[in-house]
Each structure stands twice: as C-alpha cells, then as structure tokens.
Amino acid sequence: MDARDVKIFLEAVRSGKLSLDAAAERLRQLPFEDLGFAKIDHHRALRQGHPEVVYARGKTPKQVAAIVRGMLRAGASHNILVTRADRKIFAAVKRLARAAKFHELSGAITIERDNAIHGKGLILVVTAGTSDIPVAEEALVTARSFGNHAEAIYDVGVAGLHRLLRHRKKLTEARVIVCVAGMEGALPSVVAGLVAAPVIAVPTSTGYGSSFGGLAALFAMLNSCASNVSVVNIDNGFGAACVASAINRS
Amino acid sequence: MDARDVKIFLEAVRSGKLSLDAAAERLRQLPFEDLGFAKIDHHRALRQGHPEVVYARGKTPKQVAAIVRGMLRAGASHNILVTRADRKIFAAVKRLARAAKFHELSGAITIERDNAIHGKGLILVVTAGTSDIPVAEEALVTARSFGNHAEAIYDVGVAGLHRLLRHRKKLTEARVIVCVAGMEGALPSVVAGLVAAPVIAVPTSTGYGSSFGGLAALFAMLNSCASNVSVVNIDNGFGAACVASAINRS
Amino acid sequence: MDARDVKIFLEAVRSGKLSLDAAAERLRQLPFEDLGFAKIDHHRALRQGHPEVVYARGKTPKQVAAIVRGMLRAGASHNILVTRADRKIFAAVKRLARAAKFHELSGAITIERDNAIHGKGLILVVTAGTSDIPVAEEALVTARSFGNHAEAIYDVGVAGLHRLLRHRKKLTEARVIVCVAGMEGALPSVVAGLVAAPVIAVPTSTGYGSSFGGLAALFAMLNSCASNVSVVNIDNGFGAACVASAINRS
Amino acid sequence: MDARDVKIFLEAVRSGKLSLDAAAERLRQLPFEDLGFAKIDHHRALRQGHPEVVYARGKTPKQVAAIVRGMLRAGASHNILVTRADRKIFAAVKRLARAAKFHELSGAITIERDNAIHGKGLILVVTAGTSDIPVAEEALVTARSFGNHAEAIYDVGVAGLHRLLRHRKKLTEARVIVCVAGMEGALPSVVAGLVAAPVIAVPTSTGYGSSFGGLAALFAMLNSCASNVSVVNIDNGFGAACVASAINRS
Amino acid sequence: MDARDVKIFLEAVRSGKLSLDAAAERLRQLPFEDLGFAKIDHHRALRQGHPEVVYARGKTPKQVAAIVRGMLRAGASHNILVTRADRKIFAAVKRLARAAKFHELSGAITIERDNAIHGKGLILVVTAGTSDIPVAEEALVTARSFGNHAEAIYDVGVAGLHRLLRHRKKLTEARVIVCVAGMEGALPSVVAGLVAAPVIAVPTSTGYGSSFGGLAALFAMLNSCASNVSVVNIDNGFGAACVASAINRS
Amino acid sequence: MDARDVKIFLEAVRSGKLSLDAAAERLRQLPFEDLGFAKIDHHRALRQGHPEVVYARGKTPKQVAAIVRGMLRAGASHNILVTRADRKIFAAVKRLARAAKFHELSGAITIERDNAIHGKGLILVVTAGTSDIPVAEEALVTARSFGNHAEAIYDVGVAGLHRLLRHRKKLTEARVIVCVAGMEGALPSVVAGLVAAPVIAVPTSTGYGSSFGGLAALFAMLNSCASNVSVVNIDNGFGAACVASAINRS
Amino acid sequence: MDARDVKIFLEAVRSGKLSLDAAAERLRQLPFEDLGFAKIDHHRALRQGHPEVVYARGKTPKQVAAIVRGMLRAGASHNILVTRADRKIFAAVKRLARAAKFHELSGAITIERDNAIHGKGLILVVTAGTSDIPVAEEALVTARSFGNHAEAIYDVGVAGLHRLLRHRKKLTEARVIVCVAGMEGALPSVVAGLVAAPVIAVPTSTGYGSSFGGLAALFAMLNSCASNVSVVNIDNGFGAACVASAINRS
Amino acid sequence: MDARDVKIFLEAVRSGKLSLDAAAERLRQLPFEDLGFAKIDHHRALRQGHPEVVYARGKTPKQVAAIVRGMLRAGASHNILVTRADRKIFAAVKRLARAAKFHELSGAITIERDNAIHGKGLILVVTAGTSDIPVAEEALVTARSFGNHAEAIYDVGVAGLHRLLRHRKKLTEARVIVCVAGMEGALPSVVAGLVAAPVIAVPTSTGYGSSFGGLAALFAMLNSCASNVSVVNIDNGFGAACVASAINRS
C-alpha cells in the first residue's frame, strides 16, 4: 500500500464506497511495512549520516564494483566505505570513482563525498603493539568516514608504561577511546583507569598458541577491572568505530 | 488505536473532518501493533491450540500459583502446563485447581481442559537409558498437553541392539520420533536409520567426566550420519515436544 | 540363507529330512539379515522416494563419475544429487548425463529423473545475510530433488526487521521453514515467533573472530527462546532439507 | 615528597642551598606519585561524580559495614552503592545509614546523597525475558546512582516481536540503551537495528545446557550483525550501566 | 514367535498346511528377535561370566535394593557388583544378602557368588597419587568381580621416579595395566614405556584450576607418546576394569 | 660401565685393589643405565617383535631415507614401517629397498622382513564410513607389520544397521576389534554391544562444523555406554593397531 | 640391597664365594633403587631444605594429624607446612604441636622448626585486588616456610596505575616477584615491564561469567607481552612460591 | 620538560621570577616522563644487557632489514637477535652485517657483538622428541644471545626413561632448565622431580587431533605434580629463554 494506494483507500472511505467496518477490517490486515516503515528506516539512515558500507571480503572485484556503482548512481552525498578490500578491488573501484582512496594498512577504500565533522568530540584510537595497527587503521578510517575527528596513538603496550603515560593528556581529551590490543589484551584496563570517557576494546588475533586467535585478549577485556570498558568482536575495528561514532554523535 | 479508535478515525475521514492528506499521514505514523497485530498474534496462538506454559524453575510456589490463577481466570479452554516444578509448587497449584496433576518423574504439572487430539499421527518418545527418562517424560507430558497422541519406549540404548530392534514396528508407525539420549548420544542415528519420519534428538546431561553435562551427546547428534535428524538443547524435552507437535499438527 | 536356501530348508522340513527340533534350532541361529532385512530396508528407500546422493568433497572427478555411472546404470527413476562439487566434477558428470545441471552457488549437481512433487506443502528457505546463500542454495536444491515445492527469501537479517516483516505472509504459508544464519544466529528465533510451522535452523560458518566458524550461531540457535526450533550442524543445508522433506512428506 | 616537602625543596633552590644541578638531578629521581598523581586521580573521581561502590559478594555483613562506615565518615556527597548484597548485609548497612535502601531484585543497596541528574539523556534498560530482570535492575539502580535518568522495559524478547515493537518510540528516545538477554542473546541485534544510539549488550547466565552459563548469549552479542553494539561480561549489569553513564555524561 | 510358535509353524510346513512359498514369505517377515536373538545375547553374557552390575548414583537405597533382589531371585551364579554406592545403600543391600561387602574407598558393593579366576594373567592397577585411589579401587573391585587376579600399586607419580621404578618387576609381570592419574596425567606414558602389555589409562578429576575436572589429564593420555596406551572416560575405573577384563579373558 | 667394565671392577674387588668401602661407594654412584638397563630395554623390543617405525610427516624424503638406511644396515629381522608418507618419500625408500611397498590409502610404506604371525587371534578393523578408510588402512597395515592376522570391514555405519549386522559372525570371531568412525562416533558402542572382545575406538577427523576435527566423535567414544571400549587419539590408526597388537600377543 | 647388603655382596666377591660372572650377573639384575637412589633423592630433599608439605583439602582432620605426627616423630628440622586447611584441621594439629600457627586468610598451617633464611634475596608477592589475597597469602606463607625473606603488596591492580607505581622501588629490589591476579590478569605484564627480575604469574579464580574460573586470567598471562613472565596453575599460590624459592636459592 | 627546561624552571625559582606556590603547582602538573622516566627505563635495559630483538614473522625482508640497520647505526654493543625469520630475511640482514648468522632449525638470526657470559650458571634446554627441536633451538639461541652458557639435550621423552636418566648428572648441574615437549607434555614433571632447579616448561604444537595445537601439553604442564615448574606459551622458546636468563642473571 504505497502513497497512491493510501489515497484511493481514504477516498473510498470518504465517498462511502467502503463501509466503516470493511475499512476497519482492511486497516487491521495491512502489512505495516506498507505504512512507510521502510521509509522511516531510510530516514533513520539519513539522520545518522552513516556512510554506505561494503564488506569486501569474499566478494570479487567485479561484485564490489557493481555495488559501488549502484551507490554512486543513487547520488546521495554520504561517504562510501569499502572494508577488507585489496589492491585488485581498489583498481576496480578506482575506475568508477577517481576520488577513491586506498588505505593500504587496513585494506579500506574510501570515496569522500561529505567532509563535514558530525561528531562532537575526538575519537582516539590506541594500540598495544605494531601488529594491531591494521585493525586500528580500519577503526580510524571508519570513524573519519562517519564524520568524526579521529586520531591514533600506536604501540603503547602495558609492558612499557612510560610509552603510554607520555600520552596521558591526549587520552583525557578524547570523548571516546577505541583501544586495540592482542596477546593478553591488558591495554583497555590501563587506559580506562586513566580516563572518564567510554573505552571500546577491540581484541586482535595477533599472537599464537594459547592466544587462540584473539580469544585470550577478548576474555581479558570482558573481565576488565575498569568499569568503563565495553568490547566488540575480535579484529572488528569497523564495529568499534561504529559504536564510537554512535556515542560521539549522540 | 483499538477498535473504537479505528472507528472514530474512519468516521472523521468519512465526515471530512480529517483531510485525506492528514489521514494518510496519520496512518503512516500508526504504530503497527495498534492495527491489531497483537490480536493476529493471539489468533495464531488460538489456531495452534498450544497449552499455556509456565517454566517454574527459579520461581516460588507463590509466583507460579499467581500465574496459574491468572490463566484460570482468563477462562480459555487450553490445557495448562507447568514445567520443572516440585511438590511444593504442585501443592500451591493444586489448591487452585483440583484437576491439577503432578508428573513426578519430569516435575511437570498439568491441568487438563482440552482432551481433544489435534495431532495427525503418533509422537513416539524413545530413550537410550533409564536416567534419560525424566527428560523423556517432560517431552511426553508436553506432547500430550499439546493435543497429540504420544507413546514412549525406554531403555533401548545402542549397546544392546536387540532391545531397540524389538520395537521396529512401533518405530515405523510414528509420525515423529523424539529420541532422548545422554552419554555418547548415538541412539538418534540408529533410530533415524530405521525410519523415514523426522527424528528430534534431545541430548541429556546424564553421564560424567568428558560428557560435559550433555555436550558430548549434543555434538554427536549434530554430527549424525543419518539425514533425518535435527537437535534441540540439552535436557530440553519440552522443546523437542513443541517441535514434534508443530510437525504433527501441520 | 538366500531365497534358494530358504526353499531347500523348508523342503527338508516338509520331507521330514530335518526333524522339527533341528529345524527350530536352525531357525534360532539364523542371522536375521538372511531373512530379507536388506530388502525391507531397500523398500523403505523406495517408499521415501529419496534421490540418490553423492557427497563429492574429498572425491576426485573420476571417483564421483564412477559412482554416478553406477546409479545411472541401476536405472532407477530417482533424482540424482551430488553435493559440494566443483566445475571439474560437473564436467565429468556432464559427460555421463547430458541432463546434469550445475548449481554454482551451492556446488550441487542434479540429474532430474523424477519431477513429481511428493511433499504436501511449501518448504521455505530463509537467510539472514547474503553470505549465507550458498548453504541456503544447498538446502533449496536438495529439497527440490527430494520432490518438494521449495522457495527462498534471502537477506532478511534481524538488524533490519522491516526486510523480514515484509515477507510475513509467505512465512505463514510455509509448511516447514529452513532458516539459515551465521554471526549471532538470531533469525530462527524471530522467524519462529511469527509462524506455527516447525523451523529447522542452520548455523553457517560466516563471520570471524568469536563466531568460531559458526559455533556462536549454533549455540544461539540451540538456546532459542522460540519453542518450534530444532537445529542441524553448521553449514549443513543438505541435512536441513532432508529433515524438512521428511516433515513435508509425512 | 608531599606538599610540605615540595615547599622545602623549592625554598632550598631559591636560597641557593641547593645548586641548580643538584636540584635538577633530584627532580629527575622523584617518584612521580609524590607529585600529587593520586590527587589528580582523586580529582578525576570528583569530576566524574561517580558514586562510591562496594562489591559485596564474598564479603561478610561486618566487612561491608566497615567499608560503608568509612565512606560515610569521609563526608563526601556522592551516592553510595553496594552491589550483590543480601538482606543480612542490608541490615548491617541500615544500622549505619537510615537512608539506605535495599533493591531486592538486584541485591543492590543505595544510600542517596546526591539526587542531581548529571547525564544528558535517557538510559533505557531493556530485557528479553523475566529471568533477565535481576541483571537489568542492577544496571538500572547503578545508572540512577551515577546521576542518570534511567527507565526500563522488560520481557520484550525476539520470539514475540510485537511486544518489542510496541515500545519503538521509547527506544528511539534513549541516548544509550542497555540490552539484557540470556539464551540466544538476539535482542541487542534487533534493538540496535531500530535505533541510532549506542547499545550496550549484557549477556545473562539464564538458560541451561548449551547456554553454558551465558556464553552462548555472549558470543551471539559479540557477533551481532548490527554495528552499534558493544558487549560487557555475563551478568555484568553494573558494568553496562557504568559504560552507559560514561557515554551519557560525555 | 516363541518356542511354541516356532513348533506350530514348522508343523504347518511339514503337514503341508503352509505352502513352501507362504512359509518362505513368513520367515522373511519375522522380526529377528523372535528367533531367540535375546537368548543368544543372554548366552553371550553367560559366556563372558560378567557380574551383574548396578550403577547406584542417582538411585535411592530402595531402588538399588529392588534391583539387587531381582538379581538374587534369578538365582544365577554370577557375582553382583553395585558401583558408586554409599553407606545407606549398603545397609539396604546388606539386609538382602548377608554376604554383601562394602568397599568404602570406591563406594562399591560386592556380593560374591563365584570366586573362580577366569582371567589368564594379572591385572595391575597403578595410581599416580593418593587422591586417585578411589577410582583405582573401583577398578580393582570390578576386575576381581569379573574373575580376575588383580593387584594395586599406589602413589607412584612421575615426579618421584624412584617410587615407580622400584616396582618395575611387578609392572612387567602384568598382563594388562590400568593406570590411574589426575593432574598432568603423565603416568601412563611412563608406565607404558616400561612394559609390553596394553595400558588402559584412566584420567581422574583430581586437581583444580586448569585441570578442568580431569580434562587436562584426559588429553595428555590421548596424546601419549607411548603407543600401547588407550584411554577411558574421566574417573571411569569401572570401564577400565571392564576393558582390562575383556583383554585378560581373551 | 659395560660388561668389560663390570668385570674389571669386580676383579679389582677380588684382588683387593679396591677397598670394600670404595667399591660400595662406587656402586652407589653408578648410573643405573650402565647396568644394562638399555640392553634390557632392547630385549623388550626384541621380545615384542615390534617393527621399527618412522613417522614421516614433517620429514623430507632424504631424511626418511637416511633413517631407513640405518635400519637396514642394522640388519635386524623386524619389519620396517613408515607411516604418513607420500609418493616422493616412497620413491626415496624404494631406491634403498626393492621390497618396499606403498600403501596408498594410508600413506604407509612397509618393508617386510618377517612374515611370521605372532598374534594369537584376529584383529578386525571396522569403519563407519568410506572417508574413515585411510585411518583404518593405517591400522590394518600397522597390525600386519606387527605380525598379526588382520582383516577389515568398511562402511558399516550405524544409520544402516543391516550393513553391520550382516557381519556379526566375523565380529564375534575377532580377538580384538579396532573401530574407526568420525561424525557422531557411534559405531564402537554398537559393535561393542555385539561382542565380548575389547574394542579400540579411533575417532576420525572426517565431518565438518561441530565435528571439530573429530572432537565430537572422540567425546562420544569416551562416553560409550558399552563397557568394553577404550579410545585412542583422533586419526590415530597406528596407535590403535599398537594397542590391538599388544593385546593380541599377550 | 642396603648398605649392609652391599658389604656382604662385596665380601662374597673378595672371598671368592661369588664367581665374577655370577657377581656381574647379579649387578645387572639389581633394581637401581637398591643402589641408594632413594637415599640420593632423600639427600636432594635435605639439600633443598624444603619444608615437609601436606595438602589438606579432601583429608579429614584425623588424617592430616596422623601425617603431621609422622613428620614430627621423624625429628627432622625442616618446617612443616599444611596447605588448604581449616579451623578443625588446625585444632587437630595444634594438639600435636603447640608451635603450630594458623594463617586464616590462606588456610595454611605452619610449624616452624627452622627460621634460617636460605634464599638470597627478596620474594615479593603482589596482588591486583583484595579478592586475590588468599592465594597471595598462600604464596607468602609458603615462601617463608621455605626459608625466604618475603613481603607482600596488595590491591595494586592496573586500572589504578598510581597505586602500583607508588611501589616501584620495592618492585625493583625484589629478586623474584610472584604476581597474583584474577579477572583480566593484566598485572604481571605491567609489573614485568617495570623490573628485570623473573615474574611468576598466578591467575586466580576470582571473577564471574567469562572469567571461567580464572581461565581468562590464565590465558592473558600466558600471552604476556613482557618476556620475563612464566605462569603456574589457577589459584596455585603454593606452586608459585615453590618456583620462586627454587629461583631464590639457586 | 627536558634537561634545558628543567634548568630554566629552576633558575626561575632561584631568581624569584616564579613564586614558590606557582612552582609547586607546576611541579605537580609535570608529566612524570619529563622527569627522565624513559631514561631510567633505558638504564634498566642497559643493566640487563638484553640483546635487541626483532620478531620477524609477518614482516617483509625489507622491513626487518630497516629495523636491524637502525640497531646497527645506534652503535650499541648488545647482540642483535631476529626470531622466526627465513632464508630471504637472512639474506637481507646478511647484506647489512657480514657477522650475521642464520640458525636454520629455529629460524633465528644472530649478530654477535658481545660474547661475554653474564649468566651465573648453566641453562639446560631439554626436549621430549625430535619435533620439539625447533622450539628448543629458539630457546638455545636466545639464551646464548642474552649472554648465558646454554646446552641442550634432545629426544629424551618419558616413554623411554633410560634415555633421560642417562643425563641425570647434567640435569642436576643446570641452574635453570628449559623443558620443551609436545603431545602429553609429561617431560617437565619428570625432569623437575630429578632436580632442585627451577624448570621452565614450554609446550609445543607438535601432535595432532586432541593435542589441539599444544593445548593438551600446556594444560598438562600447568597441572604438573612437581612444584618447581612454571610455564610459558605454546612454542614460546624465546620467552622461556628470557625467563631463564632473568633467573640466571639474578
């Protein structure tokens, strides 16, 4: 029941063609989505100003390009973000949009169409080691695509506290902190103890043996003795940035 | 927007008090549940003829009694089923409904208000060992409360095949089989190989050590080499009977 | 003791060559399979009208072709279904049977020899995301090979409810629903809450990190708060369709 | 080096008693904590306006009372919150502070000393089932103790969507949502799909068998297909409220 | 078709009342169990000389007594073995059979009716620590009830090799060794390296923390670098003795 | 201290060159292996008549060839067994010993130098499915290399009981049964229920999803309701045959 | 063959009563323990100066008292340590030895008979939280019983770094650090980054939900990004102190 | 606040430009790292004489070479250690430093610049099997790079005790033992029972099936019945040597 259908229905009510009882019955049967639910949903997307996102892993360059082409044609002004891509996919996207940019460390592709800052404060991305950087970069690129001011501090793991403490001022300035760590996953607890802001912890799959692909870090973070820590899935830099952005824009 | 509200709205449309555009807009804003969604849902419940069910574990006798009293007052004609109860809870329920019956093995309480058979065929509940019987009884009582003809065969585990094979005729007569087993959980594979009917496998938490509270049986059942087997949660005799009933009434 | 042996034995009884006691003793010793058990089993297969199935993974194109050739020579009228195959295997099978058809998304090969519909109602296959489609397609192709009317609805995950709710009518029409989902595996609970039919849940190995190759979805499904859900192994689209077919033909 | 020491040191510099080089060297050796680090930390606590919290589990009534007495003597104006207590502990606390209030469902004790609202928006606590309420109540009491406006919606699990959808307006009003669910843990995905706000998911240990004390729900939530979901430890209503409060006050 | 039925059938064949074809057909239909399958099974039990066994855990004294009474009435000459019993159960059994003996360490009750030695050699039960003794005693009592000569060596764990090596002569004399160990479960590997006999390893649930109720020992034993080791379930002294007895009597 | 050393020592005692106290002290210091421990160990190897075994996985063809060359030069008369090899390794071994034979299914290489039968009875290797055959073949080749009469029955899984029951006679003839199964691992329970002999269960890593590389089958077997079953590691056909041989030669 | 036997043997050699060959043979047969192996082992114990230890859990007061009485009678001068005891056990021990002292926090009982310091430096025991103190106390009491100078710093968890950093001087003075932490187990990484000494990490079972009884902390510690950390079992304060003592005395 | 800043600050104090209160306040605000914290940290590194270490896995030859070049330019006299490298990385490093040496078994590269022995005693590296040697070699090369005297004994697994016992003298000479074992991980318990020195246990990922990539060995080692054993991560030869070196230099 689209806009035109609604009008026809209402006219039938007004004209008396449709009895009140029959009309009431028909209303009761309406699938609610016909009432514009999808549109409301669409509005929500607009209101959030989210970029349009493609998860590229498992898709061919051709498939990704087709999706991006569709987005470009729709002509919206949101940023476009492709995550977990590679050079081949980038080449395919680049052919469609000269503005496309490849972020090699994280495998993200961005097409900037909206460079306004929608977030209220700083999203700070912090990593324990250098091998956590790809996940952190995914968070960083995502946060920026969502219209946030975002910065990063890398390689400030807990076994060398002075490296972390040097950045205390920046840590306290952030409105949200995304804290990326593998191995024993201790960084979020230490960082969260230094700030009042919410800390989104991202375990990474770096490490070997009993790190179980990030599970050790994940469980450590879920058991953080700091109370302002919440956790997303292993290696999920994208998700952490989405949560951070939701916080930063509220 | 209940029935009365709908009428008022439609009359406003007919009388012209409400312009077509305003009416269209208002329809678009309607929370769909106001359109009788809940009632449809209610109809579905009626159509299914499900008994009303209370999960008693973790509730006091007083709490269970209060819920049952509410059901009784509603005056519907469905059976009432209380699962995982004990003697104290039964005493509290019995005071409300003299027809209440306690099924000691499974801890179920039933108040029969509808003894019609709604299912099309036989639901057969089969167990591997005697310690699986409480779970099987929960399935049996549930299946009957849902209006099915249900029978049970107990203690026909795979280490003594002759015990199982003696019942081959009954097995092939069943429209659905609920197969309850702990330890190595092998019975569903063997039973499913003997019949064409769907087999609902229920792992039980009997066993010790590496049975991990039924996990060994659960995984065995999920990996059944027979293709007509699906699985429910450990000790979930109630759920198995619900699935079986859904099949048997379709 | 084959047919001829049985006759000789009975003639010996009739002629008195074998005393009644000796005959009784001999009967007691008979391995039961000599009594035609296998044939009965064979009859069961015929009665079910199941297609003949080859699981191709781990087999060479030559091996699969040999098995299919044997099936073709047997001259039965069942459909032939090869699961988890690839283009090379298909080429080998195609050479034997021009009617062979490759279902690229699922890797299934079908040779249709019986296009009758044996199932009583609709088997509906539903997926949460696009990456669940290969498993869903395996279920779809299997269900059809087993003689069922089967349809699919894809990409109606729970984080966008309006997509799912749009199909509510189709959902309530189905006699059995196969519900395929990875990640958090929430779709079966939501779908099962909308229908009275049995829902067969299939976890998929999509996802990463703490999805543990589908384990997160599997456990979610086993703990469904909807009571008409049963579960098969991770990625087991074939098994789900077998269960659905067993239900649909009963 | 406390305040007095610092002054003595600086006077020695000014008077020339201490050479510049010696003074520089001594500064270099100073343990930083002597520089008032703890005080800064204290300031942070004040700035956050956090209540003072006691985790009572594993402590005797006497021990809890002693800690609370210390807090009361310190004379600060923060609220005092005791989590996971019981009636005996409450009795001991009540003797110290007549204003103490026991929240039976969650076992929390509160002593209100600051009823100002520090949070900017609404924290909404939502549960899937009735057995999730104790954890939700802990979140609710905690959020309020931290100076937030907080409300709750209970028993809106995903197997009965109409129950949840009825509250869509309230959901979209919230600035942060704490979403509490056991069993398959699907509620956060569905809720997060309906709102733009950050959703803090709390798995609960309700359920049995393969719910593994909340592990099934935990993994489901970590694998949510909605991107605005982050997760805290099983049953950790307190932690979820802390994160929500940190978000709501930023 | 019991003995009488068989005779009637055969007489009908001899007399010609039943045609040969009809008789052949009827034979083909016979459920095999009617052919005395159970009796053959019974014969197997007799041939093995196994004691009759009751697993008492989860049964009331009354229930165990009823089962034992049934065994006593059957008047067979096998030993009777009740495992995992307690003093109350023993009292109930003792009233039925004055010869009943309680083995306190393992909780086994035996009623000796056959003291012949059926096994060909020595079954040696070896434990790593003193806390493994209850499981070892269950194995010892079981092995003796099954008619084996069985001895035990306790507390010869691998962290004090001299304790074990002192018994090397006895170890090489054994025909089968049951090796019981908790914690790191290393004893079977060391013992199996000293002998040529098969070693049945029994992990025990002694230990704490990462022993996971015997899982650490179980996995250690399954990964033994000695090739003559096989394993039974955690704490399953009974099962180990059954396997040892099967070996010793073959 | 080899044989010659011992003599010199004793002569020094007799001649008085070594005082009794000095001699006693020296004896006390002797590393026990100098007393022929290794030789005894060697004797044990000879007594057992074990073949010399090379585990080839992870070794280069050159490395395996070097080890085999050493064995050949030692000139003993035991069989030589190389497990988990491939065609390249076989080529390298074949160059050294023309009698070398490659067992393609299991990847084993044998060089027969002793074809005597040392085992007392039949070792029967049974598999549930065709994909379990490589593991079963490893067991078969190993058992024969150890001087046992060994036979195999393949593809008699529990979902088609008639296939297994057809072989009941052979099963009861075996002195030891090695039972190989993946997926739900139910075969050992069923087989063990049909015989009195010890059954060595071998879980295989066939299957997918929740089979966890054979873990589901492993746990099923450890929880077998049949008491004459013991278990070896996943895919460990070699180990199962070693245990079987140890039993069969005792 | 004790000292006297050895002499008799050697005299027989010297006197010619025993031929050289017979003597050589007899030597070859000697169980090595007759050569004083046990005594050497005993010497090792003396050399280490270890206290004699009783693990009381699972033992009755009577049993513990009997063991302690034996130790006291042996009259050695080592300390006696009883771990995991309770007040009842202490009462029983106190009756035997007035010097017995109960350490309530850890449940340890000590009987001091040797108050010399055998360790070379300081063993420092550090805990993250107050609930880790019982495990830390077990380590502390054990370390002292083994003759070490040992001190403790409690409640310096990583979410409040200033608490830990205040003790930096003491940390760098220690020769070995035992670091006790539950929940996310991050403390050992932070501590190990501040010192050059070896750090023995002890995970504790404090925490709930996904702490899995200390498993989260255990895995975090095994994955420490600091390289001077090794780990003992969950709650194993005793073992950590043993390792620390072995280090401190070397 | 570097050296120059400190001077300026102190001069301002002396000259009276800065009031004492202002100066005190400013000190209180100083980030502690400005007080030379990093330098102290640097001193610690120097004092420990640790080699500079590069973990090469996941880095390109070019990246590793760049890091090594930086180290060489810094001109310190520590050894340089690259772990988990391959031949390509070695070629790149060799071009920078002719003294670079490749340790093929472990994949380590060393550039020796300091051949002094800093450790006080012998670090002994012991393995159970030949497949554990790569991990052991990493430990050996690391221990030597850290300035320790280190030796190795390989292939002395517990299923052939005589192989281990032959080396008892060497074992008792060691100041620290690194004990490397896969499969059942029993060696550390046996070795630790023979010595008084601390034993660092390293589980390896050798084995298959239920060895779970070294988890079985890890758990066995954590549950060692010997009290002088602590454990590092699976395959972490480097970490074990670091701990051993920290012990050996203290």
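In this document, chain identifiers A, B, C, D, E, F, G and H correspond to the written order of the chains, with residue numbering beginning at 1 in each.
Note that in this section contacts are C-beta pairs under 8 Å (C-beta built on N, C-alpha and C of every residue); 3 or more make two chains touch, one makes a residue touch a chain.
Everything numeric in this text was worked out from a predicted model, so none of it was measured.
Equivalent interface to F-G within the set B-C, G-H or D-H: D-H (over half of contact pairs identical by residue number).
Using the average of C-alpha coordinates as each chain's centre, E ends up farthest from chain A.
Both copies, chain G and chain H, contribute mostly matching positions to the interface they share, with over half of the numbers common to the two. Centroid to centroid, with C-alpha atoms defining each point, chain A and chain B lie 40 Å apart. Averaged C-alpha coordinates put the centre of chain C at 59 Å from the centre of chain G. Distance between chain D and chain E, defined via averaged C-alpha coordinates, is recorded as 55 Å.
Shared contact sites, meaning residues of chain D that touch two or more other chains, fall at 32, 37, 160, 165, 209-211, 215, 218, 222-223, 233.
Listed by chain label, the pairs that touch are A-B, A-C, A-D, A-G, A-H, B-C, B-D, B-E, B-F, C-D, C-E, C-F, D-G, D-H, E-F, E-G, E-H, F-G, F-H, G-H. By the touch rule above, chain H contacts chain E in their complex via residues 128-129, 157-161, 165, 182-186, 189-190, 192-194, 207, 209-212, 215-217, 219-226. Contact residues of chain A toward chain H in the complex are 131, 160, 162, 165-166, 168-169, 208-211. By the touch criterion stated above, chain B contacts chain D in their complex at residues 31-33, 37-38, 41, 58, 203, 205, 213-215, 218, 233-236. Remark: chain D residues 44, 47-48, 121, 175-176, 195-198, 200, 218, 222-223, 227-233, 238-240, 242-243, 246-247, 249-250 touch chain A in the complex. Of all the residues in chain H, the ones that touch chain D in their complex are 3, 6-7, 10-11, 13-14, 16, 20, 23-24, 27-28, 30, 32, 35-37, 39.
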